[in-house]
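Scrolling down, you'll hit the structures one after another.
Next, two complexes with chain A in common: one pairs it with chain B, the other with chain C.
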Partner chain A sequence: MRKFWCLFFMFWPIAAIVYSAMSPAYGWWFPGDSVTELGQRIDNLFYLILIIITVVFIGTQMALGYALWKAAHNEDEKAHFSHGSHNLEVIWSVAPAVILLFLALYQMDVWRDFRVKAYFPEGTIETPIAEVTARQFEWRIRYPAPGKKLQPKPQPDDLYAVNELRAPIGRAVMIQLRSEDVQHAFFLPHLRIKQDAIPGQIIPIWFKAEKKGIYELLCAELCGWGHYKMRAQLTVEREVEFQDYLKKLQTDQNYDGFPTSDSVAKKEE
Partner chain B sequence: MSTAEVALGHDHDHDHAHAPDAHGHGHHQLSFIQKYVFSEDHKMIGLQFLFTTLLMLFLGGGLALGVRWQVAFPWTDLPILGRILFPEAGGQMSPEFYTMLFTMHATVMIFLVIIPILAGAFGNFLIPLMVGADDMAFPKLNMMSYWFMWPAMLFFGLSFYHGGAAAGWTSYPLLSDLRQSAPYSGSAQTYWLLGVTFVGVSSMMGSVNYMTTIINMRAPGMTLFRMPLTIWSMFITAILQAFALPVLTAAGFMLVFDRLDFGGYFEGIHSTFFVPAGLVVNNAEPTVGGGQPLLWQHLFWFYSHPAVYIMLLPAMGMVSDVLSCMCRKPIFGYKPMVYSMSAIAGLGFIVWGHHMFTSGMNPALGMTFMVSTMMIALPSAVKVFNWIGTIWGGRVQFNTPMLNCVAFVSMFVVGGLSGIFMASVPTDIYFHDTYMIVAHFHYVIFGATLFGVFAGIHFWYPKMFGRMMNETVGKWHFFLTFIGFNGTFFPMHMLGIAGFPRRYADPYLHPYLEHLMPLNQFITYSAILMGFSQFLLLGNFFVSIFNGKKIGRNPWNANGLEWTAPSPPGHGNFDILPVVYRGPYEYSTPGQVDRDFLMQTDPPLRKTASTVAATPAVHH
Partner chain C sequence: MSVRWQSLIAVMLAGLLAGCGGDASKARFAENSALAKQLLPKARKAVQKTLDEHFGAPLDSVAWLKLPVNYGKAEGTVKSVDGLKLSVEFNKEASDVDGLTSPELARAGLLFTSGVSAGKQVLLAKFDPKTNVFEALQTLDSPPAKDDTFVAAGHFLRHGRKLYARHCQHCHGVSGDGDGTTAKYLNPRPRDYRLGVFKFTSTGSFPAPIKATRDDLKRVIALGIPGTYMPSFVPMLKENELTAIIEYVRWLAMRGEIEKGLITELKGEYSRDRSKDEGIDKSLETYLGEAYPNFVNEIAGEVGEKWSGAEEEGTAITPKKPRTQDTAESRHRGKELFLGNKAKCVNCHGPAGRGNGPMTEDFQKNPTTNEVYAERGLFDVWDQPIKPRDLTRGIYRGGRRPIDIYRRIYVGIKGTPMPGNSQALSEDEIWDLVNYALSVPYDSQAPKLPKPHSVAEYSTEHGHAN
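Let's look at the complex of A and B:
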């Protein structure tokens, strides 16, 4: 039985490693590479941490298993008598401290680039492309009319959409995040972006999507029974398509019931 | 302390001088009610806590299986209970019900199982026995700390009756604050807050008692650095409770005041501590106010981060004691263990912001909290290395307590390591509120703490009831729980990496999560296995009370003071008042022939060259 238990405790970490290693192949992994450069830096940090903790994981689990094995087969009359070792304590305090401190400092710049306003890419702060307002249980989006700047207060010519945010490809853009009722969180898994929407606060988020596509936008903070169904999407498209989309929103919104040749043509597209 | 020479406790003597008159003679006349119900005996109170929390463990587990069913098989009939609970829906749960389930699962597990089983059950039972006191410093207060759990349970019950709180165990405003934001939960949220407050009152009474008892009532010779690590951990936990709880209590009342109305008799209070102005919730009138929802998060986590260590430290202490005994070897690095627990406790007060990295607080705060959080992983690492060092060179006995202890260490490593992903802000942006978090805290709270509790139950059971639990059943329980546990929670890391959000009633609405359903079903099957294995524990626990093998005072050949008392100890605990001559971990001390351990009460050995060299109870 002693052998069995030693092997048992050594077996499970091996199973865990094997399972983790095959996970990407089964799709139990990131939903694709990040669409933003900042997201790729986050992924790189993830892999750096993953390597470090995998080494530590294997090291400690195997040390544990080995110590158990030896101790289970200890044929001496008594256990080795020791109250500890000063040198070992120093080593295993300083070594992790150095690694942890390195990690903490090493990633400061990613955080800074993501959140500190002074480091937002040029032009993003002055001209936010949209205001995103979360409410139970949908996302409302407000764009400024083409050629205008987004104002903090809604304007008569603002353009509105629900659950569909669009952004141009390859340009750093900023949105303003608000909540109309309870707390929500703006989560774009493919862009590795998450930001809570705090009632009473306006929080800027910037991103620069590098790949065309339609990406899920969901809510990551419990906001009531319908939390799971705050389904929306971010469409990343070419700059011209984005501008066309805004123009189309504008014509649709100004549509007064009488079809013009222009709007009929648009509808039929 | 550098020698085992007895520094006989001077001022402690007098505590014990009148102890016997106070309690020793009284126990024959105690009525049934005084003895078993409103008992002032710390052992009975500890057992009351233990029975209550074990039953609550099953309630919490049942709620968890409900959650798991919905995540794996959304909108299908809930087996067995579905037809009874939701006859109109043909047996399937609503998203409102699901939201309530995970909220109440966490609530029951944290406030009615983990916190009270550690401090309430083990703290009560073990502290006086292990420091050599006849009871707690304030027995009446102690009794009340148990009985204040009942109003708490009553309020949680009322909360269930009103549909159950459904704002998550973290209860972030405004979901928890404005009634119209979660109309289906009605008054349940208010009752929930009152329930938490009463748990707090109970814990506070406990911690005052633990601190006082440990400081004032130690047996002669029981210096601070001769205390077992269990006692150190309980002491540090009590301090944490005492400093952190008032903040939660205040915050809880603020939220109650924000919510309170008196059922139509008059307007109510409706303060706006957490409510900013101008919000339109569920088409109600815009709110008035000037409050700040983030204030709640700061106050809540200022308590709840220390609280996660309240949920861990006592288990760390108990595992240290059990591990050392089962390895027949002194704990490796006793003082570093004490210092690292103190460091965890101290640092625990300055890391709360790591739960708020994505909240939009000042980014400079995020950086600060990241550094402090990274640093708190350090003492945890030191403890792990010391446990491995304890096993190293030991003579291990693979019994149930030992197996659970090894699982504790092994699982804690995983939970600590996944914490690093979250401690680093950039990666936490992605992982926050995904299943990565769920995996992390279950590895620490279930994987570490609960396995530690299992170890503690099997280890101290003979002292509680004078009988042993069944080893075979104990091992099967361990084996199945361990497999079920890892099958349940390890894959959750992968869900987290896949960006699977927590608290979703139907995640598969989102195309990028669709393919994760089979993995979730595997998780649910594992959870069912794990859940049902707990009946082995329950059965073993209750059957052994009557049928277990009878044993004497010290079945494990352990060396703490509790093993010098009869099993189970009578009222007043010790028939021979203990005097302490050495530290708590003298296993396999050289120079001793007949046995491999020295009890704390054994007088000093005759000095031979080898004992002199070996006795320093604690290294330098």
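Let's look at the complex of A and C:
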């Protein structure tokens, strides 16, 4: 039985090594590679932290296993009673503090690029592509009319969609996030973006998706019984497709029972 | 130690099973008791029995082929007949249809489309999906023969019910009565389907309100109803799921209407207050034995026709002219109409479109019973208080496309006091009103209040003393 516990505690560091080593290749941590460059940097931070905690975990488990093993075979020596060691206390307070401080400083530039408005890519702040309003229990999206700028207040020619956000590929874009009722969180796992939506605040989020596709957009804040319903999607597509989509929204929204009237009007222009 | 773990797990499993099992299999559709309680107890039972027979229970639904519901038909051919056993083969597309394994499919039965049984529905006791052998419920007078074709109904209903239970039931209720567990916290209340009335349709209301089309329902479920708790269900629900759920909603609506029709019919002779009448039991028995079955079929036919009628071509209200250019002049004309006596929008929506017109302050009459409501303000056909829309908010529950607003003004909003104007207003006038209504949220100068004497005019128009 004594040996069992030694082996038990030694087993976990080995399992941790195997698991940590395998996970990147199998995509166990993330839903695929990040679709944004910033997301890849976030992943790198994640892996750095993973390495640090794996090393620490293995170290502590080995120490524990070793101590147990040694004691298990030592019938003669009596346990030594200690009131603590000042030096040890200092070491295990300072070492984690140093690691945490290092992480806090090391991630600063990623944080800055993600959150600090002054560092948003050029052109994003002036021309947000959409306003996304979280609401129990759906995402309501407002785009400016093609060629117009998004205004904080709704405009007569704004375009509306629900649960389907679209964005062009390869261009840094910004959206304005709001909430109509309670706190929600705008979560794009494939883009590594998670941002709370807070009633009364307009929160800018930017991203530059590099890969075409349809990605899940979820609510990541338990916001009520219908929380699970807040499953929408982000479609990343070519710039022309995106513009066509907006035009299609515009045509749909101006539909008056005469499918051709819009195209007629366009020819007249 | 391991023994203890095992017993712990066993206890947990038992708990789970008890939690899920329960009486779910005995679940029933709630009765429309507000109406049914007016009947003699025996008549009430007869209605229940009819409904059970033709619709079944939530977990054991019956596809009544008389109704224009797309049950997700699977076609097939009889391979051999052996007494009660029918060995069949489904068409290629049908063989992988989800739900064919369901006992509900068996209960729904087979409708024969050729041979001696053509046009007959054969009820079944069992279906073995592995061997594709059905077992008929009772001996058949004219048993189908080899190579007879049939349609089997049901998997849409089953699929629809599952989805409905997961996504809609807690608001709209098991029987579609709009009284699910969360309903009481919501305003407006979730739709009670049982009247078969839907608000945001493309169809007209002349000479009688036309039902919602499948596309209308789909639009509502896909886009949600902004400004209410009815959420959007796309992209969460996929196309085939929407199809199934729409059929289920239509089915529930038809069930509710048929229930109401049966009760109304029986109420004429067999209302509760006649329980002391001599010979009433006998008379009811005779009626149930003779005329009633026909009436059941008749009312189902009537209700079904209304629903299939909505799907016919040309039911959608489409303007004959495209939208009038959205100019200041058009809006101005619209505003005059809005405030004027011809369209009377102001009576409900108020001079600034805030939904606080004089009619909201008055006692109104219930148009079906002609009784005055106990409270001030407007009521809908579900007897719920209702407010005219505040047009300054720019939220359009039935959609914000010009065609949507056009339809709302032309047809009115079914089930609500908002009246249609197909007779009163010309095409151009409606478009002017559309342009005005859509401009209200952006009207920076607050619309001027009408002069005092005109307010008086609006109210006298409706015959109120004040």
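As a convention for this text, the second predicted complex is superposed on the first by the 225 of 269 C-alpha atoms of A that agree within 3 Å, B and C clash if a C-alpha of one lies under 4 Å from a C-alpha of the other, contacts with A are read in each partner's own complex, and residues count from 1 in each chain.
Quick note on the criterion: contacts are C-beta pairs under 8 Å (C-beta built on N, C-alpha and C of every residue); 3 or more make two chains touch, one makes a residue touch a chain.
Computed from a predicted model, the values in this text were never measured in an experiment.
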(request) With the two complexes superposed on chain A, say which partner A:Ala167 touches: chain B (first), chain C (second), both, or neither. (result) neither
(request) Considering only the touch criterion stated at the top, classify A:Leu249 as touching first (chain B), second (chain C), both, or neither. (result) neither
(request) Tell me which of chain B and chain C touches more residues of chain A. (result) B
(message) Which partner chains sit in contact with A:Gln107 here, chain B, chain C, both or neither? Use first/second/both/neither.
(response) first
(request) Please work out whether A:Phe46 is in contact with chain B alone, chain C alone, both, or neither, and reply first, second, both or neither. (result) first
(request) Identify the partner contact of A:Ala134: answer first if only chain B is touched, second if only chain C is, both if each is, neither if none is. (result) neither
(message) Quick check for you: in the superposed arrangement, does A:Lys229 touch first (chain B), second (chain C), both or neither?
(response) both
(request) Tell me which partner A:Leu159 touches in the superposition: chain B (first), chain C (second), both or neither. (result) neither
(request) Would you sort A:Phe9 into first (chain B), second (chain C), both or neither based on which partner it touches? (result) first
(message) Applying the document's definition of touch, where does A:Ala209 land relative to chain B and chain C: first, second, both, or neither?
(response) neither
(request) Identify the overlap between the chain B-contacting and the chain C-contacting residues of chain A. (result) 136, 225-226, 229, 231
(message) List the residues on chain A that touch chain B in their complex, please.
(response) 1-2, 5, 9, 12-13, 16, 19-20, 23, 26-31, 41-42, 45-46, 49, 52-53, 56-57, 60-61, 63-64, 67-68, 70-72, 74, 76-86, 88-89, 92-93, 96-97, 100-101, 103-104, 107-108, 110-112, 114-116, 136, 179-183, 185, 187, 189-190, 192-196, 198-201, 203, 216, 218-229, 231
(request) Using the touch definition up top, name the residues of chain B that touch chain A in the complex. (result) 94-96, 98-99, 166-168, 172-175, 178, 181-182, 184, 276-282, 292-294, 327-336, 358-360, 363, 366-367, 370-371, 374-375, 377-378, 381-382, 384-386, 388-389, 391-396, 398, 403, 406-407, 409-410, 413-414, 417-418, 420-421, 423-427, 429-430, 432-434, 482, 486, 490-491, 493-495, 497-499, 501, 503-507, 509-512, 515-516, 519, 585, 587-590, 596, 614, 616-620
(message) Please output the residues of chain C touching chain A within their complex, sorted ascending.
(response) 167, 170, 182, 223-224, 226, 229, 231-236, 318-319, 322-323, 394, 400-403, 406, 438-439, 441-442
(request) State the interface residues of chain A toward chain C in the complex, per the touch definition above. (result) 136-138, 140, 154-156, 160, 162-164, 225-226, 229, 231-233, 252-258, 261
